[in-house]
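Before we start, here is the structure in question, set down as structure tokens.
Chain nomenclature is as follows: A, B, C and D, assigned in order of appearance, with residue numbering initiated at 1 for each chain independently.
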């Protein structure tokens, strides 16, 4: 008999998946929705908060070199189905936007850690701005399926930018929206709203993504609610996306002291309380 | 009054033309036919023997850097219509082959000199092999339109590779085909055939393109027919295609001695008698 | 099946494909069967603790990327205890890459890391990020000789030295490394570069300058490998822009005995496996039975220049 | 409309965009309005007649190309009689680029070409194709000083010196050029590279090695320009991989007073016109009224490293 260690065939848990573009359209003037289909079981292996690195297409005008990290906006119902929601900002996302339905593209993943979600939670609160909602949408689905109540505080430039339906995707939630356009997204206002909601609803956890300002605000607010956990999905420039290159570090203030952590590996999800509101470098 | 010299607005005679792919298909297992449409008057400004430099598409797998020189296979009837016939060999032509109808691509030209053709000729002879026929097809059309008789000696690996119809495009010609597959393309045989035809038909000029072996043979044969002119369209690695970079030189033995000439500029068409059967370098 | 095994000095590798330092870590076991690789080269460690450079640490360029990671390190003890053990379980030779600030520190560190579970010591005497304006030991034959001989005096382990493409006279640097006793030369590291965001006017890297890697630098790295190959007799490990089996073959033809793959793994964490498969396919297609015989087999026509000159002289 | 004019020493140019030597010739008048350019830089000429290098002379690489054209030349008389006159009819300053084998030859040639119709002499002391393994005057501060001061002694013309990226200590080389009296520095030429066809096993260039140019080398050229800018006070003309207005701006921010466009013209013979238009558009968008004020304006945060280190020190 062969030794079972030697005989065990290698099976990758992170891989390059060749996918077909099944759906691809504008959600509003800046965000696009992309659904890919692959033969791999992406739905079964991908969890809320994780991301993939996308090989954006190369065209004569746009030649992105590195892969682009993107949160998973949704998976399923087919096992090979995966969705992204992205903001067209630079070279990579502009080239991504040119992908036609039926063409193929490669994605690498699943990558990163996940939000901690416990089906026994009573209520979760999500605080989202911009593309942060893509990252948290799977959480809402988890909550909906587990019958956990959801409070959503959504911030946007204007009502046209909100993407409320894209965020909720049919999950019932107590939604509060604030806007730059009418001044309701001002920090004092949001702080008041947050405190009121947390006080009243006592969520088990607050999740956030998409705004450094909201993150810093939440950190301050949560200091007064020690029983409420807080998690944030962070971003940082990445090369490898797998914890190898050390490009994506940020500092965190953990129980064992301050440490650099890799956003792609120890993250992208971190306790809100551990984020160091670092000055920007470079 | 302004000086007319200063006031004359600059008008480019060589330009980058953005074109739409109007037709693109396999002619046989190795050659593809490509028709582009542009808003510029390509038909009116392009002459037989000239070439364009094609900006082949960039894909994730294929990223040609330099442009690719391609003879014009045909122009018109629409003024913006231009045709190419190409052999899929390497990176650039492979990426070219992925172009879909309706997509766009850029070409730079027209470039190079032209075959010398005189409507008062009685008969021209064309000796073609492989993709050389793309280069000479416009000549056949010129001859057909001018009522000049055409003799075509076509050489190919096998009857399936001949592309006789693609070459003649309806022009009547006295066609002689030789093949590697039945041995009829052997030098001695072709030499005999050539001598017979030239002797009997007394063409004003013999044009050739596509085979170094046929070129060398013609040079030898034409030595015995001083009254028959000979022209060949040559190839060489190119960067600029406009006579600027000096990458595409070959040596020619001209009446004033041996000189390096730029295939893209003084050529691609040269007198057969002036070609130096150089050893290959590099 | 062709024989893909190669020798780098006294070390036999099952195939010539190994990661480049800093572009590989144990996490790739999730994407790659590490027991298939020729060797495992770990991110450089420095004896001094360092945090690494300010973020942003990477920026993409045309056909490549700049990095200014630096060498974040928690020192050799931590490395030996917490980092190294994970790599020694695959039956694949482990290469420990060392970076240091002074000759003595280099020699001490290499001695200290010459452990039984370590197959090779690689001295990264070329990291362009740590010294002002990219200066490093490997920039001159002198300092190369000094640091390499100091290390050689302190370790009996197979010991490779990694040179920098920023050096102008690579043949002299390589010779100095050979004379000082290096067992092999890794050619090479990143090339110092820079990028600026034209909207913000800020450098794209926190550290302003950083090392360029990826396909963009391949022709330069290949030239350096060939120059080293002509200059020294110790084996050369090629590195710079390799992202396919063809690239690996190109480096072997130029003179490399083995190759390191860096940036390409960031674009596909499974690329090294694919390169190994591709080497096998190339050998089968081209009728090569022993891959190692390709080393240095670029077909140079020594008479070509003369022939050309004679040919060209005919022209007026 | 922003003012695009720049000054390179005593010379005023209507805009900073000019061709790089060897990547431009009079034939481009068919594609480009030559009177729009900042200057016209002609292909290097050498006093000695030469045929140039064996074909193939070009090969493409990822994001760039290798060339080993060499400097085909029919000598200075022929050049003055048959080449130069075509360029002097556009009202655009003409830059004559000289290449030579020895210090004396260089000085003689530059003196001889200091003609009234020539605005600037550019000494190409860096062409990597003509000397063994790419060695050239500009590889060391020494030889740079010698050749530049010899030329300076023989011409009162504005005189630029073109350096090579292959030199390892560019600041020292640039300083040598400045001290020896060069009026400006062109940074820089191609980087020595090589490519091999893995099917035929032959080098892709007849000359085996050649110069790498194009977008692939842009980050390296940009870094060199910035290093020169920090080292000298004479103006710098940036060159290497520039193919868009953004690229030109990037070089100006790094310290260039003007730029040269090489390989990009091969991909679009009208590119220099488009770059000039793009500079105008950039200035309008960004509210820049005088383009020349961008020179050296990269935003460097001199305290950043310190701040980072203090920040990083908190980590355990």
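List of remarks:
Please note the rule applied: contacts are C-beta pairs under 8 Å (C-beta built on N, C-alpha and C of every residue); 3 or more make two chains touch, one makes a residue touch a chain.
Heads up on the chains, UniProt names are A, B = Dihydroorotate dehydrogenase electron transfer subunit; C, D = Dihydroorotate dehydrogenase.
Source: prediction; values computed, not measured.
Contacts with chain A and chain B are shared by C, D. Ranking all chains by how far their C-alpha centres lie from the centre of chain D (Dihydroorotate dehydrogenase), first place goes to A.
With centres taken as mean Cα positions, chain D (Dihydroorotate dehydrogenase) sits 36 Å from chain B. Annotation: 46 Å between the Cα-based centres of chain B and chain C (Dihydroorotate dehydrogenase). Chain A and chain D (Dihydroorotate dehydrogenase) have centres, each the mean of its CA atoms, that are 46 Å apart.
The set of chain D (Dihydroorotate dehydrogenase) residues touching two or more other chains comprises 51-52, 54, 61-64, 202-203, 206-207, 301, 304, 308, 312, 315. Within chain A, the positions touching two or more other chains are listed as 55, 63, 106, 260, 281-282.
In terms of inter-chain touching, the protein chains here all touch one another pairwise. Residues 51-54, 61-64, 66, 133, 139-140, 166-169, 171, 191-196, 198-203, 206-209, 212, 215-220, 222-223, 226-227, 241, 246, 249-250, 253-254, 282, 286, 297-301, 304-305, 308-309, 312-313, 315 of chain C (Dihydroorotate dehydrogenase) are the ones touching chain D (Dihydroorotate dehydrogenase) in the complex. Chain A meets chain C (Dihydroorotate dehydrogenase) in the complex at residues 10, 12-16, 55, 63-67, 106, 108, 236-250, 260, 265, 281-282.
Listing the residues of chain A that touch chain D (Dihydroorotate dehydrogenase) in their complex gives 63, 251, 256-260, 278-279, 281-282. Residues of chain D (Dihydroorotate dehydrogenase) that touch chain A in their complex: 63, 301, 304, 307-308, 311-312, 314-316.
Partner chain A is touched in their complex by these residues of chain B: 55, 57-60, 63, 106.
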